[in-house]
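The data blocks that follow each hold one structure.
Note that chain A is present in both complexes that follow, paired respectively with chain B and with chain C.
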Partner chain A sequence: MDIGVLVKASLDGNMIRADPDGRINIENTPLLISEYDRNAVVEAARIKSEVGGKIYVYTLLTWGPTKKKKKELENVVREALALGGDEAYAVVDDRVIPCDVTSTAYILSNLIKKFGNPELILAGEASMDMLSSQMPIRLARHLGYNVVTFARKIELSDNKIRVTRDLEDKLEVVETSLPAVISVTGEINRPKLPTLLQIRKAFAKPFKVVGLDELELEDTGRKISYSDLRLITITRKNVIIEADKLEDIADILIDKLIEEGVVRV
Partner chain B sequence: MKTVIYGFSTEDLLDGLGLAQRIRELSGEELETFGFIVGAEPDVDGFDVIYKMGYAPTDAISKAILENISDTDIFIGPATKNGTDIATRLSAELDYPMITEVVDVDKVDDEIILKRQIIGGRGLAYYKFVTPITLTVPRKKFQPSKLDKKPEVKEVSIPEAKIRIIEELPKEKGEVDIEAAEVVVGVGRGFKSKEDIQMAFELAKLIGGEVGCSRPIAADFHWLGEDRWIGISGKKIKGKLYFAIGVSGAPQHIMAAGDAKIIVAVNKDKNAPIFKYADYGVVADLYQFIPVLIDRLKKRRG
Partner chain C sequence: MIGIEHFLYVEDIEILVYIFTVISGAIFIYGLYRSYRRWFRKGEKPSFDNFWTRLYNLVKYGLLQRKVVYRPFEGSMHLLIYIGFIILFIGTLIRAFEADITLKFLGYRVVSGSSYLIYKLFLNIGGLLAIIGIIIAFIRRIFLKSENLPDTLSDYLLLLLLLIILITGFVLDGISTLAYRYEWVNNYDFIGLYIADLFKNVENIEIIYRVTWLIHMALAIFSVGFIPYTKLYHIIVGGILNTFFSRNYHPAAFKKIENIDEIIEKGETPGALTLNDLSWKERMDYDACIKCARCTDNCPAASSGKPLSPMDLMLKMRSFIDQGIYNKELIPDYLDKDIIWSCVTCGACVYQCPLLIHHVETILDFRRGLIGKGENVPEELLEVSYNLMRYGNPMGNDPINREEFIKELVDEGLVEIAEEGSEYDYIYWIGCQSTYDPADKEIARSLLKILKKAGLKIAVLPEENCCGEPARRIGDELMFSELVKMNGEILSKYKFKRLVVNCPHGYNIFKHEYPLYGVKIEVIHHTQLLNELIRKGLVKLDGGKIDKKITYHDPCYLGRWNNIFDEPRNILKEVVKNEYLVEMRHNRERSFCCGGGGGHLFFDIKIGERISKIRMNEALETGASILAVACPYCKIMLHSEAGEKIKVMDISEILAEALTEKK
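After this line comes the complex of A and B, so read on.
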């Protein structure tokens, strides 16, 4: 059975650049694979080891300018291929930027139908940058698939799929039938860094980049887009306490905390 | 405007009503409010009608909402996992735009602006309010006022759905309230085993605090209860001191300590992002430094 995995090139939360007016400078903020999408790829690889088939990696570049970001998207795709993907398909097109989750889902559904059309699609529970948690359900609606969110465990048997959902106050075991889209939590597995050999192999795997024209789409289906993205400024003292001996560091730290009035001795 | 507020408890409905009232205040438009409560009894005024239904899979819930209420302008649900799931099903079905976890609503140049956190809390995204729309609200962000209308309560049946619930396994309820603690010692993946966390408890006891942790420590390893999990998907810290040990400083974690007066970080990697978010940093192996720190604190106490 073929499996699709959605992987997003997300803004790196620890490397955000902003303009002097506080607007996030997307052009200069690097992209990396969205944290829980690695879990999705690793879970796809686990399922594949049981049932066979191919793993298709799908992505759409949501941050521009495309000329600059395309390279970073490629690195994200290579990582997904190194972690277990077999083939990758990406949408890169200036017309979709800035992209919202509604249009991304619509365009990705067309990409998926055209290339591979797998019966099972895995995604992350939420993307690292936009945290919208909407993609899996919106995509499933376009594809006419069933959809289950927040999977901590996935079990396949025949045409049935059993999913343990990790909710705030309980685990909920549910069952549905294929075809389906499933979003996975960060706890479903523990991805390891890909080995050098895996990375090298990833370069030999097929990777196709398409634009809206190849998908025969004229409209992006965009509904709502942000009018502004602002960085929250953090002002902390950023003092690194240094001394030759750990005892002295401890003493200085204790003194500072007493001075700040947050610790009493 | 026709507003539908759904949830799993009276509190969920109140949170949604708070946001709806804020939108009414800013837009000046009257709201017709319908409630939809799942698996609980409504105990709230301020709605025209409240529908209630037994607990069911999320696809059945969204289907029931759509079958019973039509022409909705605004859907509001809780920003919990199931709340978000249902919100998205409604939005996907009707092709409505949706904004997850609205933390603020403002009026700028005659336009209503909705704000939400992005990038683990490092950024805010602004959206112009349009209708129709679906919104989710975090707990206790918007408090409703004057609840006059007495609602009519209508029971609805659970429709057929594509998802079937096989089993529910409740999670253990924790007893610690780290959100109310003045001092929190945070445990991250720098700790190698569950037993080693004893060190953090000892330090916490000495400085009068509770122990909290990063998501993997609670949700993945289960070394600590989920009530101690700090982050956008966990608890927020607002006390005097957050003392993070072996935590890398992902925004999804550390931004939830943004309201702490002082942040201390102990990490052996001098390039760990946590130092950017800290007032005082110690670059050291926690296994060497924390015992020394505990020892020095004890000595001072005599």
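After this line comes the complex of A and C, so read on.
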């Protein structure tokens, strides 16, 4: 069974560049593979090891300028390939940048139908920069697939897919059938970071970049407004907990968290 | 006639000597052939390039045993046995040569008259030295064993065998003396005479002689034949081959990985996963080990209870060769991954090994293999690799922080940013730790303050990547080769005489490892430069003495690997009174790692004690209130253990403080 994985080149939260007025300087902020997408690729590789098939990596460049960011997108894709992807397809087109989630879902659905058209699509629960979590649902709608979000466990049997969903305060087990889009949480596995050597080896894997024309699509017209993206500086509390025994440290920490209202008893 | 009476009492069974020699010789030659097959697996050929250097190493480390005597007690023991047997061996050769060649065919004696007497004296002394050596060896084994010395029955049996050969030799000597030279040999045969007296009234002396001769002759001949199958093989593989074929690059350069791009194109990985992936020299290393345990006794990983023992690793590798598992991946089924990741690459094992085994090279080869496969690698180290790829530094710091730090330094008037086309005496390569780590930044600042005072024209680079040392030590050879290319390119843009570094890890990699990959830079460690400036009078310290007890921790990559011991101490002598400068239990060549080398700054094997804690305890033992270091890694590691009693400071910080106090 072939599996598709959605991978996003997100703005790297560790390397945010902002202009003096606090506006995020997108051009100079490097892109990084969205963290949970790593989980999705690794989960796809696990499923593949059980049922065989191919793993297609799909992506779309949402941040510009295209010239500068295309290279960074390529690095993100190579990383996904190094983690287990077999083939990759990317949309890079000036006309859609900066692309919002509605357009991205629409364009990706066309990309997926045209290349590989797998019955199972995995995605990270959210992208690291926009965190809307809408992508899997919108994509499923366009493709006409079932959708399950926030999966921390996926079990395949005959025609059924059993998914354990992580709903913050409880786990929910649901069943669905193919074709389906499933988004996974960070708890589903522990992806290993790929080394440069593995990424270099992934250069041998097929990787195709297309524009809107090749997908026979028009400019979708929905874009993110730049001026909305601002840097907010938060000062951390910097509390250092000291005690001799690990258990004591844990106790103090729990008390503090209760005090802050982070943990409810 | 004053000379040897050959085959006294045993002329009728003389033929046995030749029969035994032929059999023993065949056994010996087969043993050598077997070894050749063990080492040369893929059509490699032993290398004879740099012949004279190789010969020099053979003489220095093999014949003259330069490293064996690093430990005076064990070294003397070994020297006694070694010299004793060399004398006896030469004596036996002379005897055989005379009996079978010169006397038989030319009627000429090699030793006769006074030369015979001296010959006799030498053999007496040789035998005596060897016996004393073996008695000491027994005493050492029974009462004075070092911590990790393997102690098995075979070790005792071998000593016993040698002792029997020696004692029977003296018995034969004594009876021969009684038979034909009692009157004239005098004290040239002082032991022989003594034994002769013991046998004066013994009956059937001829039979006793014949039996003893048979035992002595057979044991001696066959113990030579069986050398390749016993611990005695260290004489040949260790003393002769491993010294002659020792690596002709600096030991801290480690093995060059040739054609990494080709390896990757073929879908292979650099380094080793199996025995066959290792080099013939590494396989020879395993057979050279004599189990003296000096490596393990001095290994900080072993001393702190980590799974690594360099000696055991060598012996395990040897046993894998014995089992013939050349093509199986050894980790994790045969070899625990933690053994490979425990190493801090401090080089204590390599320094100590009397037979020039390079344990770290094997460890690094395995790390390369594991990183290549991406399995059985500590997650933190994969993160280091990833950070290097993404951020250009192992900690994953945003490079913009460097820009800000440089701007601070420029604003403080401490340094300028290098410009292409300008000429500089020195370019200061700050290094990742001193750029990003809040505590280590002070090293850079202090150093620049001093250099400014000395009036040096110095600049920092507008951009700087990791030097690649962490990448190379954790086995990410591809990352390292990329960094060498990038840094080589950056450095080639600027004109400067010397590159100053304050990190011994950077110093080592620029000095020894970059040249292997075609990048040659004149590099100087800041302690060398500061010492030079003091000697030249450019930094003046008269009166600026610090009134605190200071002890100095030798960083592995500055001290043991690069022999820079005196410069840091000389600087300290300028800032404190001599009586305030104290040494730790382990110092100079025997310094004990801070625990931060070999990638361990970035991860922890959570087994046993922390190496940094052991070292800190040694520092506290001295009662010093300042622990001087000359390495940002050491500063981080030791600072984290310091507590209230002791302050960890880089030498540049101490010197800068002394200079301010002077004002």
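We take it that the second predicted complex is superposed on the first by the 223 of 265 C-alpha atoms of A that agree within 3 Å, B and C clash if a C-alpha of one lies under 4 Å from a C-alpha of the other, contacts with A are read in each partner's own complex, and residues count from 1 in each chain.
The rule is short, and it goes like this: contacts are C-beta pairs under 8 Å (C-beta built on N, C-alpha and C of every residue); 3 or more make two chains touch, one makes a residue touch a chain.
Just so it is clear, the structure is predicted and the values come from calculations on it, not from any experiment.
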| item | value |
| --- | --- |
| Chain touching more of chain A, residue-wise (chain B, chain C) | B |
| First, second, both or neither for A:L193, with chain B first and chain C second | second |
| Which of chain B and chain C A:R95 touches, first, second, both or neither | neither |
| Touched partner set for A:G261, first chain B, second chain C, both or neither | first |
| Touching partner for A:T176 - first (chain B), second (chain C), both, neither | first |
| Which of chain B and chain C A:K201 touches, first, second, both or neither | second |
| First, second, both or neither for A:R17, with chain B first and chain C second | second |
| First (chain B), second (chain C), both or neither touched by A:L32 | second |
| Residues of chain A that lie at the interface with chain B and also at the interface with chain C | 14, 190 |
| Touching residues on chain B, where the partner in the complex is chain A | 57-59, 80-82, 84-85, 88-89, 91-93, 95-101, 113, 117-128, 130, 133, 162-171, 173, 183, 207-208, 215-216, 219-220, 232, 240-241, 249-252, 255, 258, 261-264, 270, 273, 275-284, 288-289, 292-293, 295-297, 300-301 |
| Chain B-touching residues of chain A, taken from the complex the two chains share | 11, 13-14, 16, 24, 100-102, 105, 128-134, 137-138, 140-141, 146-150, 162, 165-177, 185-187, 190, 223-232, 234, 236-242, 246-247, 249-251, 253-254, 256-257, 260-265 |
| Chain A to chain C touching residues, read off their complex | 14-15, 17, 32, 190, 192-201, 204 |
| Chain A-facing residues of chain C, complex | 264, 267, 269-270, 371-372, 374, 377, 379, 382-383, 385-386, 388-391, 396, 398-400, 476-479, 482 |
